[in-house]
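Shared between the two complexes below is chain A, which has chain B as its partner in the first and chain C in the second.
Let's look at the complex of A and B:
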C-alpha cells in the first residue's frame, strides 16, 4: 500500500507525461472496447430486426441484397414483383400470413413503406415482440400514414397532422413533391430500436395514389380517392409466416422455381448469417488494428518509463539511502506502470461510453444500430485483465534497468 | 390433429424433390437442411453423386451398380451422417434415400449448351444423392448435432447448413475441421 502511495506521489510529480501516457492507454482501451461492442451488439441489433418471419420473397438477386433492402431498408431492389405473384404465393397451403412491402418513396429523408394492416398484426421484432402504437391506430384510409417512433419525434408530428410524401428517395425539393395528395397521421408506433422507427407506413393503395398522375400537372384528388385504379400492380418484396417450419424448404423451392417470374425466397436468419460470414474478415481486421493500437500504447508506456529513469537516478539513490531495498525500488517502478495502466483502463471505459453517448442517436439513425451503454462483458474484462498484466510486465523492464543503475551508481551519482 | 398429420405428409411427399435446383452443383460440396417444429425434426441431405460414389454417369457394370446400392443403403442409416444428442430422445420414423439425375429437370443450361451435341448417357450428366429423415423427438431444444458424413464420405469437403428452429434461423458452411452444427 505504501508502495502504491509512493508511486502515486511520484507520478504526480511528473503529472504531464503521466497524464499523456494514461490518455494514450485510455484511447486504445476505448477503441478496443468499441470494436468489441460493435461486433457483439451489431449482430444482436441486426438479429433483433426481424423475428418470426420464415421467408422473405423478392425479385431474383442475391440473398444478402434482398435481406438488406427488405428488412434494413439499405440499398434498393433491382426489380419489383407483380401483385398477382404475391397473391398466388400468399394463397399457397401452409402460408399463415403474408406482408407485402412496397418501397421507393420517402418523406423528408425517411423511407415510406407501403404495406397492409397485416404488417401491424404479424410483424415481429426482437424476441417475438409485436408492434405497438404509442398513439392512434393503424391506417384505414388511402391517405392515412403510420409513423415510426423516430420519424414522429424528429419531425415533431402528432396524430392527425398532415404530411406530404415524396416520389423517389431525394430530399425535399429535389424530387417530385406530391403536394396535391397530403397524408394524415393516423397513428404513431412505439420505439422498437429497429428500422421500423425510421419508416413512414402507408397502405398499398396510398402508394398507388402517390404515383397516379404524379407527373401530370392537372390533379384531381377526388378521382384518385374513389378510383379502383388504386389496386397495387407491383410490390417490392413480401414476408411470409408459415404454419410449420417443416414446410419452409419445400415452399422455398417452390417459390424459387416459380414459373410466372423469377423470384427469390430467403430465410432471413440464414441470409443474416451469410452477411456475418462476409463481414468476418472486416471484423477481424478491426480487432487486429485495435490490438495493435493497444500494443503501441504499451510501447509508449515503456518509452516514457525508460526516459524518465535517467532523470530519476537521484530519486532512486535517495530512496536507497533512506533504507529502501532494491526490491522496493523495483516495486516502485512496477507499481507506477501498473497504476498508469489501471487508470488508463478506467479512463478508457469512461471515454468509450462518453463517445457512445454522443454517437448513439447517429448510429441508430444511420445504421439502425442500437449499441447500449454500460460495462463490458466477461470477454472484454479478460482482454482488459490481459492489458493490465502487460502493463505490469512492461513495468518490470524499467525496474530491471533501475536496479542495474542503482548497482552501478550507488550514492556516487553526479548529475 | 388432422392439420398436423396432413402437414407432415405434405412435407414428406415434397421434400426430396429436386432440392438442389437453387444451389449450383459443386463436387465435394453437400448441403443439409434442418427444420424443427413442435416435436418434429426433419433433415434433408443432398450431395453430388461424385462425392459419394466417385462417378455421376449411369452405372455401367456390376461394381458401379453395387456402389450406388451401397451408397443408398448407407444413406438410409442417419447415424452415418450425423449424431443427434441422446438427451433429445429422437426416434426415426421416416427415411428416404435416392439418386437423382439433375439434367432431367432441364437445369444447368450452361452445362447443356457446352455439351449440346453429346449424349448425356455418355457420362456428362450431373447426378445427386438425396436423403430425407423425419424424427419425432421428446426434447427438441437441441443445441449441437455432430456430423459423421465427412468420415463416411471423405470426398465431401464442405456442407452448407440451413437450420430453422423455434429459437430462430441459422446457417453456414461446415467442414471436417469442426464437424458440428450449432443451433445457438
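Let's look at the complex of A and C:
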C-alpha cells in the first residue's frame, strides 16, 4: 500500500498534535531561514553601499565609525574637518575626484547630506553603478534639494515641492526647524537599495545658508539668500577617487599624518571587513540559536512520535494483522515524520515570508535592510534538505521501537 | 491425496501468568476445502485457538503447520507474509482501521499482499471491483453511505466490512471468530451465502467459531472447544 497515503490519513486522524508538531517545525524553519537571509542580505546590501571609492576621510576616530556615519549614515561624527584641509587634499596630485559630505541636519527623520554636484557625478554603488535621476536634476540653487527614492515615496514629494529642514537629527518638533529657509525639490533619485534612498541631498552652500545666523532671529529668507559668502567652513567627511589604486596607500599615510588637523583615511573595503568581523560573533550566535531551535523541533517530533506509538499499538497491530509487514509499518512511521517535516518546512517558508512582509518596512526603516521575499537560495535549500533528512531519520526511531511490540499484545484490547 | 492446510501436533498454549495451560491438542488436521465449525462457551479459549491458527500467537510447545509450513521455522516477517498471503481473519472485535473509509478497509489486504491483490484482479477484474462485489452481496441496496468513516457504521455493518476484508483476494484459509454475532437474520443469511460461495469457488479451508448452533447445519465437520482444551469444561 502506498504508505504515504496511509500516513497522511493517520495524521489527519490525529490532526491536532500533528498540526502542533508541524507548527513547531515551521517556526524553527522560519527562524533558520530568517537568520540566514538576514546574514546574507546584510552583507550584500552593506557591500553594495559603496563602490569605486578609494579612500574615505574624516576626523580621527575609529575606522568602522567613520565608515558607518559617512556611508551608512548610522551614528554621528565626533568632529568635523576644516574646509581648507579638504581643499588641500582634494587638490593633491593623483586625486581624480573628491566628494565632500556634511551631515547633521534632517528632514522628518531622513538625514540631510550636504555635498557638491560631484556626488551625482562620481558616487558609485553596487557594481560601479552611478546615481540616476528618476525626476528632475541635480541641485543648482542654494535652496535646491535632491531626494532619495524612498524619501520622495514615503513623504510624497515631487519635483518643485517645498520642504523644511530640521537642525539636528531629532524627529519633527523636537529639534528646531529651519522654517525660515524652505528648500525646493529639484530632483529625485532612482532607487538604489542603499542609504542614498533615505537621504536628502543639498549643496554645501545650502547647509551653510541655513546655519548662518542660526540662533539669531532671522526671518527674512531673502536676506540669507543674498549673503554673499556661503562658502562652507567645515564638512563631516569626504570620499576620494584616485587615478591609481597604488596611490591609495601613500595617500592614506599622508592623510593620517596630516599636520593641520588629526585626520583618518580608510579603505572602504578594509573597514567593511572590520565591520564583518565585529558582526560575525553575533551572526554566528544567531545561527547557532536557530540551529538549536531546529534541533529542539526535531526532538519534539521524536517525542510526539514515541508518545503516540504507545496509543497506536492497536493501530499498528491491526495493520500487521491484515498483512502489513514490519517494513510496511516502518514505512508508515517514517512517512509520517517525513510528511510532518515536509509540511513543516513548507509552512515555515510561508511563515517566514509572511513575517518578513509585515516586518519589511520596519527593517528598512531601522537598519536599512531590504530583505526580499521569495524562496531561499541553494545554501538554504541544502539546510532544509538536511532537516528533511533528519525528519526521516527521526521516524526510524519509533519505527524501530514499534518493531519490537508484539502483534498479539497490540490486538488484545486493553480495558 | 489430502493436502492439509492446518496441522497441529502436541500443541500446548498458556497465557503468560496463567498457572495451567489453556489449550492442548495432540493431533488435528484440516484439509484444503474442509470447513470446521467450533463451538464452546464464552471464555473457553476459542479466540485463543484462532490466534494460534493465524500465527498471531505462538505455541508454547508442539508443532503448528500452516500452508504446509512449520510456523516455528518461520521468522516473524515470514509468518506475517504467510498470514497476509493466505489467511483471511474475521476478528471478533473486527479491528477496522478507524481513519480509512470502508472500501479502503476492505482492500487493505490486497495492498499489503501482492498475491491477494492478484487474486482479486483475476477473479473480478480489479481490486475495486472485488470490493464492490463483496459489498453488493453483504449489504442491501442503498444501505451504505460509501463515504462515511467506518467508525460511524453500525456494529453489524462494521462486522460485514470486517468479513469483506477477510474474504477479498480469495485467501486459502478463512478464520472467522463469531462473524455473525451482530447480524440480523437477513444479513446473516447473505453473509453465510457469500462465504460458502467464495469457499466453494476457491476451494478454501474454513474455521468458524460461533455460539449460534443453527449455523452448524452448514458444516460437515464440527468440534467442541474441549478437543483443543487442556482441561475439558462442561
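We adopt the following convention: the second predicted complex is superposed on the first by the 406 of 415 C-alpha atoms of A that agree within 3 Å, B and C clash if a C-alpha of one lies under 4 Å from a C-alpha of the other, contacts with A are read in each partner's own complex, and residues count from 1 in each chain.
Throughout what follows, a residue touches a chain if its C-beta (ideal position, glycine included) is under 8 Å from a C-beta of that chain, and two chains touch if they have at least 3 such contacts.
None of these values were measured; they are calculated from a predicted model.
Asks: Label the relationship between chain B and chain C on chain A in the superposed model as either fit or clash.
Replies: fit
Asks: If you stack the two complexes on chain A, which partner ends up touching A:44: first (chain B), second (chain C), both, or neither?
Replies: In the superposition, A:44 touches no partner, neither chain B nor chain C.
Asks: So in the superposed three-chain picture, is A:78 touching just chain B, just chain C, both, or none of them (first/second/both/neither)?
Replies: Once the two structures are laid over each other on A, A:78 reaches no partner at all.
Asks: After lining up the shared chain so the two structures overlap, which partner does A:270 touch, if you call chain B first and chain C second: first, second, both or neither?
Replies: Only chain B; A:270 stays clear of chain C.
Asks: Going by the contact rule set out at the top, does A:134 touch chain B (first), chain C (second), both, or neither?
Replies: A:134 sits against neither chain B nor chain C.
Asks: Once the two structures are overlaid on A, work out the angle chain B-chain A-chain C from the Cα centres, in steps of 10 degrees.
Replies: Spelled out: centre of chain A as vertex, angle of 120 degrees.
Asks: After lining up the shared chain so the two structures overlap, which partner does A:256 touch, if you call chain B first and chain C second: first, second, both or neither?
Replies: Only chain B is touched by A:256; chain C is not.
Asks: Could you tell me if A:158 is touching chain B, chain C, both of them or neither one (first, second, both, neither)?
Replies: neither
Asks: So in the superposed three-chain picture, is A:245 touching just chain B, just chain C, both, or none of them (first/second/both/neither)?
Replies: In the superposition, A:245 contacts chain B only.
Asks: After superposing the two complexes, find the smallest distance in angstrom between C-alpha atoms of chain B and C-alpha atoms of chain C.
Replies: Minimum over all C-alpha pairs: 55 Å.
Asks: Under the touch definition given earlier, write down the residues of chain B that touch chain A in their complex.
Replies: Result: residues 3, 7-8, 10-11, 14-15, 17-19, 21-22, 33, 35-38, 40, 42, 44, 162-166, 168-173 of chain B touch chain A.
Asks: State the interface residues of chain C toward chain A in the complex, per the touch definition above.
Replies: Touching chain A from chain C are residues 51, 54, 56-57, 76-77, 80-81, 83-85, 89, 91, 93, 95-100, 104, 108-109, 111-113, 116, 165.
Asks: Could you list, by residue number, the parts of chain A that touch chain C in their complex?
Replies: For this pair, the touching residues of chain A are 1-2, 6, 9-10, 12-13, 315, 317-328, 407-408, 411, 413.
Asks: State the interface residues of chain A toward chain B in the complex, per the touch definition above.
Replies: 47, 51, 54, 93-94, 243-250, 252-253, 256-257, 267-270, 272-274, 277
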